[in-house]
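So, here come the structures, one by one.
What follows is chain A paired twice: with chain B in the first complex and chain C in the second.
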Partner chain A sequence: MNQEEKISSYQLLLLATFFTVGSSILELPSTLVTIAEQDAWIAMLLGIAISAIMVGLYLLLIRQYPGKNLHQINEAVFGRKIGGIVSFYLTAMTFFLGPPTVIYYLGRFLSIQIMVETPASSTHLLYGLLAIFAVALGIEVIARVAEILFPIFFILYLGLMLLLIPLVEFERLQPVFEHDFKTLLWASIFYVQFSCFPIIIMLTSFQGKVTQQKKAPKAFFLGNFFGGSILFITTLISVLVLGKLTALFNFPSYVLAQKINVGDFIQRIEMVITVMWFITLFFKLVLYFDSAVVGFAEILKIKNHRFLVVPLGILIIYFSLTNFPNDVYQLNQDKTTWIPHSFFLGVLYPIVVLIIGFVQGKLKEKRKGIHRPSESKGG
Partner chain B sequence: MIAAIFIFLSGVLVTWIEFRRAGRQINRKEQILFLFILGIGIGLSMLKAIGVPIPNPMDFAIAFYHPFYDLLIEFFGQKGS
Partner chain C sequence: MKMKRVLFILILTVFCLTASSCWSRRELNELAIVVGFGIDKVGDQYQVSLQMVNPSEVVTQGEGTGRTPVIVYKEKGKTVFEIIRRLTTLTPRKAFFSHMQIMVISEEVAREGIKKALDFFWRDHEIRFDFFIVVSRKSKAEDVLNVLTKLERIPSRKLFTSLETAERYWAPVNAATLDKFVRTLLAEGIAPTLTGISIEGDVKEGGERENTEDVSREVSLKYKGIAVFKEDRLVGWLNEMESKGKNYILDNVNSTVGSVRCPHEEKHFTIEVIRAKAKVIGKVENGKPAIYIDQVSEANLSEIQCSKLDLSQPRTIKMIESATEQRVKNILQSTIYAAQKKYKTDFLGFGEAIRQADPEYWSKNKQNWQQEFVKLPVHINVDVNVKHTGKVSNSFIKEMEDSKSEKE
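After this line comes the complex of A and B, so read on.
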């Protein structure tokens, strides 16, 4: 593994933001409105709160095992063999379910909305090759790209949201709190399962690579929070402009951009949202892929993980083409597979590791306490 | 068939480029792993190009996770969603 790669805490913040926004900026409002209707923005707020708690938990995990990545933590907690199995399960499933789905989203969006006659496989191939190229260059290069692209993304986002303000109707938020807490919580799960729980895999790529170690946890937390805020504003604007109709669209943010019309002059700027989505999806894909490559290299005890990039990249392109025979299958898989997997990855796993780590720490202290008096006698 | 041949040739090209670039940096274990994973990727892609039906691993993932999903659905009282 290349230990010389270093990124700044600001770059970590940007990567965490991009990872959080990911594919959700285009699809999340629709899912939330389907479940919570006009209360989708409340579900989103709830999701941000859950996200803050969970990211806090992940940071606690880092503090308990300073300088170690997820796989080293697994080895320390579960032992070599079981730790290896846990690491393999987490890496393999995230590799199989994460990056191919991201590429599939992009292919589906392009073939439905923009390049209708172009086969999705060509999009998958091009985007997959881009990811292979990026991961082969390393996380340092990816972080610098994030630094270059973030201002472009943010200006486009801000412009889009400001141009939508004339279309806002506050009556669309009423009645507020029509749905019970459980429904809102269920809706918020759809935010955290894509944008919060999987962020734990970033700990695989970044542990020990951030130059300002003390600032890293804060940057990680703020990145996730900032990304959540972007999604909250997007969901709120979707409800305020489209109302309950948001649920009818696959890509409501794209429809929002289509609705912009300032003096019959600034109009048809939906490509703006496409560019934004290209950027955020790129980082989500690359961060998933990079963590999978680093994870497999760690499990297989390979010094230079770069050799795994191309073969694993080819597998990702293959899975992106074959995992989902159609959209209905993919929507079903999103719920039935990704939600439980992200629960295992983002909730169950860190809690179990923290508890075992805590018990192990206490046992160690106890053993030291028993040995100390005899040591002092001997001394 | 042409697609399968093209995929095979691109696999050979990738191997040649990677091994040439790596020089002596790559050890025996890494070589074997590289060829093994690349072989799986290229092999599966060729089978798909030829049109051989391959079981979708996602079906197994769905079968594995579905009971947990049902539990979550029950917990949140969202039956039918």
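After this line comes the complex of A and C, so read on.
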């Protein structure tokens, strides 16, 4: 099954971009400004720098284990049993914390801003079904959808940012560097924890499926960087236009779009941001979900992972409705549960894998050096 | 394969049924479009007045039904949203707020503090931030909304456009939207201001339809003065001159007009400012804060009554410039006096300027900024450049006077 699916490195770049932008485009400026106030954009730059380092680390994983997905790497590094446990933990946490939260984000946004009287369950169901449909069709189709939707997303985004330029006031940035490095670092965590650490789970989806395997690491890295730049510009514009008020809104980008008024003619176009958010959230949801499905299939040794899509999909819709009693609980989860989880997923885990893998490689080399000196190690 | 097709059709059906988004639909004929919102205090309760559009009266070309273009509903209660929902017992339709143009706060509510009344507007999803907030001066907000106007059929629309125009061409008003107001409420070292509105004429007659049919007997709404706040409480009003100075200092002036006394004569000339730029710079030297205001404007001479000024001479222009500079300086000083001595509230943003200049000093002294602010030294530097003198150079008035003196 896996051998049939192929995506190009350009498609991988777009998927990584969408994953990075994800839910953050609507919510991130608010969190950053709450912590770092007018220095939020510096925190964002710091976040991009951190994520460049971390994604660099994941690239080492790709280089060391070419074509192997996350769970195959686990098996190679930790052996079948412990590797299975690690895989199960990663998959279960991704499955439980990832897709339901993404669906909840969408439902929350719709029931706060747009369709107040529509029950959340109907929007959750619709979006969940869409995700089931997409994952059932496989990563190849998802990648093609990304290729189709990206121009739409990017043109809308660019248009929105350009139309906001007349509202920019540079005094809002002053005083620059009012906050110390520690505060900025703490703020940047909120970018990194959603957009950089979890991106490692994409390794389950695309590893071994990219047509030009050599270009894959570069595309992956650039996608993350590009997504980070989009978020950086959004944050900067938020600070320049809304200033500290950004912190007060749940969805500052939506408020930004509301403020656009060019000659009483181009105005009331906030639905544009809703369309963008539908697109980016869709990919975040689908990539989480696909990774979880592939993970479970790998653990249970099921050859055709599509068999799992519908039951797991129904579960994520269910979890999206029951995980969170209210908005405050969910926001609190982002600040408490998600940080240690993403830290484990994105920092601790790859470092441990790399170290063990490195030691194993050295040991093998030594042994091989004694018996068969001609064979070289892969990679 | 058959199973798959059935599933596919099932999913498509679900999409069709749910994606048409008929669930939260609200048709145009079910909405009561709110254009004006007024808030008063009655006893210890709020009274909310909503000015709603009467669509058949506004839309119809030619003959209307003879009813008023807007209807005002009012209701009392403890919180704003409660009152708005209670209003459904009065109105035939549910209020729709996305097209709100103006929010009138009565002076009484403003003096008590308005933050309590504003949270709803900040939170509700229907409310946009593009309406203006004004304070009704010496009258109830309800009465302001009751006045019918002539040029614009919807009074709230009149209030909105006239404030927008006045801000562009006449300095002493202050068009504040909700987000702008809250931003200044939250910002350190600057206090908010709002424009005042007053009713000219008999309050009762303003609500009658005849008010729009009679040329001379107009009860009208007029923007008058700027309300100065300390935190969210109104503490006083700026007169026209002080209001003008406030907008000069905060760099809100796009274009305005001012008359200046001619040198050596009891007559006046008018200067039209076409571009104005002001900078408030804070400096902390040896632990002492000071404010430097740099005001540069480009102006045209647009009217002249004086007969002794010879406009063909370059030094006359210099004279006019320095007379104007002195005048602008006086305006700015009157405003600064109002801020520091009369009302003791920092609506000019001096604290913010100091904070931007020296964040460390600010974080140490922001607790006792009130005392510091009152005795803050302010240095003003005004520069006026007169560019053009209109279609003519010397006025015909001067020609008349000159020929008269020749005859003598």
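Quick note on the criterion: the second predicted complex is superposed on the first by the 366 of 379 C-alpha atoms of A that agree within 3 Å, B and C clash if a C-alpha of one lies under 4 Å from a C-alpha of the other, contacts with A are read in each partner's own complex, and residues count from 1 in each chain.
Note that a residue touches a chain if its C-beta (ideal position, glycine included) is under 8 Å from a C-beta of that chain, and two chains touch if they have at least 3 such contacts.
This one's a predicted model, so the numbers in the text were calculated from it and none came from an experiment.
Participant: With both structures superposed, pick whichever of chain B and chain C touches the larger number of chain A residues.
Facilitator: The partner with more contacted residues on chain A is B.
Participant: I'd like to know which partner A:261 touches here: chain B for first, chain C for second, both or neither.
Facilitator: In the superposition, A:261 contacts chain C only.
Participant: Looking at the overlay, does A:36 come into contact with chain B only (first), chain C only (second), both, or neither?
Facilitator: Once the two structures are laid over each other on A, A:36 reaches no partner at all.
Participant: Is A:335 touching the first partner chain B, the second partner chain C, both, or neither of them?
Facilitator: Once the two structures are laid over each other on A, A:335 reaches chain B alone.
Participant: Could you tell me if A:12 is touching chain B, chain C, both of them or neither one (first, second, both, neither)?
Facilitator: Touch status of A:12: no partner.
Participant: So, A:97: does it touch chain B (first), chain C (second), both, or neither?
Facilitator: So A:97 only meets chain B here.
Participant: Would you check which partner chain A:323 touches, where first means chain B only, second means chain C only, and both and neither mean what they say?
Facilitator: first
Participant: So in the complex, the part of chain C that touches chain A is made up of which residues?
Facilitator: So the residues of chain C in touch with chain A come to 11, 14-15, 18-19, 21, 23-24, 122, 125, 128-130, 179, 182-183, 186-187, 355-356, 359.
Participant: Residues of chain A touching chain B in their complex?
Facilitator: 35, 93, 96-97, 182-183, 185-186, 189, 300, 302-304, 307-308, 310-312, 314-315, 317-319, 321-325, 329, 332-333, 335-337, 339-341, 343-344
Participant: Can you check the complex and tell me which residues of chain A touch chain C?
Facilitator: So the residues of chain A in touch with chain C come to 112-119, 122, 125-126, 129, 133, 171, 174-175, 178, 242-245, 248, 255, 258-259, 261, 268.
Participant: Can you name the residues of chain B that touch chain A in the complex?
Facilitator: Its residues touching chain A are 11, 14, 18, 22, 25-26, 29-30, 33-34, 37-38, 40-42, 44-45, 48, 54, 56-58, 61-62, 65-66, 68-69, 72, 76-78, 81.
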